[in-house]
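The same chain A turns up in both complexes below, where it pairs with chain B and then with chain C.
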Partner chain A sequence: MSKNIFRISPGFEDIMPDEYKELVESGPYGKDLGVSDMGTFKELLEEHPLCAGCGLALSLRLILASLPNPEDTVIVGSTGCSALAFPQVAVHNIHSLFGNQNAVASGLKRALKLRFPDKVKDVVVIAGDGATADIGLDMVMQSWFRSESITTIMLDNEAYANTGGQESGMTQQGAVMNMAPKGKNFPKISLPEIAREAGCSYVASISPAQPKRLEKMVRRAILTAREVGPSYVQIFSPCPTNYKFKPQETVSRIKQHQKEGHYQTKEYINTAAQEYLASIEEGKKNE
Partner chain B sequence: MIEQKVVAPEQLFSEAEREEQFITGSEAVREAIKRANVDMAISYPITPQSESMHLVGDIFAEGYIKEYFRGENEFAVMSSVSGAAMAGVRVFTATGGPGTLRAFETFPTWSGARLPIVCAFLTRGLNSPLTIQPDTLEMAYMLDTGILMLHAENAQDLYDMLLKAFIIAEQPEVHIPVGVFADGFFVTHTRDNVKIAAEDIKLPPYDPNMSPVPAMDMETVPVRQMRDPFVMKSNFISYAAHASWQQEVLAAGERSRKHIDRLLGGLIEVENEDADILIMASGTAVSQSREAIALAQAEGLNVGLVKIKSLRPFPAEQLRRLAAGAKAIIVPEFNRVGWLSREVMTAVEDTTKVVGAPRVFGGMTMPPQLILEEIRRCASE
Partner chain C sequence: MYVAARVDNDKCSGCKVCIFTCPDPNVIKLNKEAKIVAINEARCKGCGLCVVACPKKALNVSS
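Now for the complex of A and B:
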């Protein structure tokens, strides 16, 4: 979009809400700001109702700060805890249903291409593990098979949190959860591997305990989806409420899991994406 | 893309010269979509709808449509359709029977999101046991989804209603989806003379800036908003927002009445309205009723016909007025539940006048004699 569109019309300065004025004055649109600039600009997410210490909220803030093109990004979400934060996000975002996010995003992205053939409009799906790996898996994978130009980001809290802590396909085997009273009896779904086999050009798994790497991966995923093919990022975002740990322990818990090998930082880039990313990242260095 | 001249809707609908073609209902769908200036169509096969969407695919290949693909199932197709509509393009799809039910969760979200989607429902029975026969049972389920529902009697209606549906759906004060229903096989697979406009003209394009809710394209500010009112748990403001939004969606449906009147010549069509016995029907049951009425008239019986074209909004006032002067109201239907007779009963003052018969289902045809028997019975009472 034209940055001018964010200008408040003369005479309306007084009646616009403060948070909107702040967005116009110090929002990240068109400024190429990133995670390391956080604290210096008005973030795209604020005053969300998620629990204290929520891993999803932290991840979401970082993802939004990492968007390469927030002024032309549309986010598609799904039912779940993150959906409750979406009304507080300052880019156009869609909540449609539980699990159909990648199908909605497919139609949206193709339609935006028709309407704005000369502009980049990034479509980023951000949904929970239940929405991505269980109820919506069919539509997630089919969007990859069809090579839709969208980025799928899973906020993986290893549970259905919003409905009170049921096991999901992403829960670790053996964990006793609601609806898995004797412990989950199959392993965590290996979605990054599935994503690779299903045709994603870029796949990563990461956590908000490594904000700079997370930023790099989110950007790479979005840039890859723009030019090369679908991309997938899985972000470990634990839930203090349902896993019953203290809100201030979220990051240390992530680090502990990573140390014990339960959650690994991984990146897979296919040849075409490697060439493309190298060309733009090289270009940046030479600037 | 194929070159077509944009003309005013009225010109395409009535002023432009029309040519008569002997085509199937599925071909009538193709001819309507050819002239509808549709940006995008998404498909998934199910008998008896498949052929319609094959033909829409063909006209995509010919350059009448900019984007077309097969989705993974009906729920996904309807979801992709909503994504496309939210991005601000004119989009079309079709389904029927089990496909309708597989996609069911999406329909109230279409109207809730004020999306002007046009979908053809080419009806078919619901499993189990497996059937591909026509049956209008699925329409009963659709009545309360918030989408507008037009019911075509024949291929001509299907062609006209589809084209007009886009214009009705896209009125800024309406801006909710329209389902055009046609009885599978009886309409889709049979040939009929259909009058159609020249293929080098088309409707004006959809203008997303006329939408009462902004397109999800990051071109409209302010952006700190989500398009659908959201229910936060235990939050009075969100309860109130959601309740008023539901009323607004219903009100949008009500506001479509004048557009249906203008474009379709009314929500109903009436023949011989002063008769003692009135048949109220929709879809192909109307054609069967016409046949029965001709037989009855040959026997000296005086029977009138009310063809109900719009089920949502429902022509309750008109039906109440017509029913007041009649001795009996016969409602023949192609389903076992009798959803139309239920609807009629909610409208008329004296429900004992309503005869919910004959009903055929499971794909059976409706011999006019069955309707004639009801007419005779009512006449002798």
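Now for the complex of A and C:
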């Protein structure tokens, strides 16, 4: 089944850029694509403005390729570097006020449930660490307490990158940044643990250095949010520009952090989510 | 100086690891018949992540 949700308005076919025409022709809708199909379909328009070697851009591409149901997904973003790429995404998306993303997503999910009671509609928040763990933490945690059926994905570059490099709650203790010249005084917030305590049924922490695992976790998180309860995925996505390392070192930096124990791949699934995921994953195997 | 990535066709095995590692879409594409990748040099930002990821050392960003 193919769904053409992106169409060019009649009469504008000639003047639209080729990249956009391609997006309409080879978008991800209704094709059951995944990370291993990357390069054969378009999840994003070319020439997005994120820096060379940006970990967020890498994570964003992988997330977009992992969506189980892109045609019926709405992404809610927040101000920050990742938001710069959202106008180029081939999935419906909303840009919310900085920090408000989980409140907007909660309302949207409820409205979609009322408007389309028989349809699966996924609402996925994708925002930076400042928007998720600092300024938006209130909205994020309240959405988990209320058990809203949404997935929250944090692109953790351990900084407020878009505003020139302030420390965030997710910055490692001692890290010196452009606008934190004395080094950060406090340890990194353990948001996966907070998410678990606040009522998330599925919690994972991962990086783009493990694309297949990332795909599995994003899918599991979205499926859990559909049927069981809120889910949270934290993706470690280093920023070469603010942390001043070479763009080609993004992935090696992730591996180094993992080795040193600053970042770990983790997954927590509560019993209800485990049962649900086991039933669909088993069903897939038998197909 | 800005330099786009280049592929050594003799070394590339078409494994697609570089495609999963590129932060930009449609810069690296797989030529299915030849089983090698091709780089769109006009769009490559030259970050070099693919160079580090390539298991066959088939890519480089130095001139």
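Going forward, the second predicted complex is superposed on the first by the 262 of 287 C-alpha atoms of A that agree within 3 Å, B and C clash if a C-alpha of one lies under 4 Å from a C-alpha of the other, contacts with A are read in each partner's own complex, and residues count from 1 in each chain.
Going forward, contacts are C-beta pairs under 8 Å (C-beta built on N, C-alpha and C of every residue); 3 or more make two chains touch, one makes a residue touch a chain.
Because the structure is predicted, anything quoted here is derived from the model rather than measured.
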| A:268 contacts which: chain B (first), chain C (second), both, neither? | neither
| said: Once chain A of both complexes is superposed, is A:73 in touch with chain B (first), chain C (second), both, or neither? | reply: first
| message | Tell me the contact category for A:245 with respect to chain B and chain C: first, second, both or neither. | response | neither
| field | First (chain B), second (chain C), both or neither touched by A:115 | value | first
| said: Applying the document's definition of touch, where does A:93 land relative to chain B and chain C: first, second, both, or neither? | reply: first
| On chain A, which partner's contacts cover more residues, chain B's or chain C's? | B
| said: So chain A touches chain B in one structure and chain C in the other; where do those two contact lists coincide? | reply: none
| note | Seen from chain A, its contact residues with chain B in the complex are 1, 5-6, 16, 19-20, 23, 49, 71-74, 76, 83-84, 86-97, 100, 103-112, 114-116, 121, 138-139, 142, 146
| request: Would you tell me which residues of chain A are touching chain C in their complex? | output: 22, 35-36, 38-40, 42-48, 50-55, 57-58, 61-62, 208, 211, 240, 246-252
| For chain B, which residues count as touching chain A in their complex? | 39-40, 42, 66-67, 69, 71-73, 75-77, 79-89, 91, 105-106, 109, 113, 208, 214, 216-219, 221-228, 230, 232
| remark: The chain C residues in contact with chain A across the complex are 16, 19-30, 43, 45-49, 51-53, 61
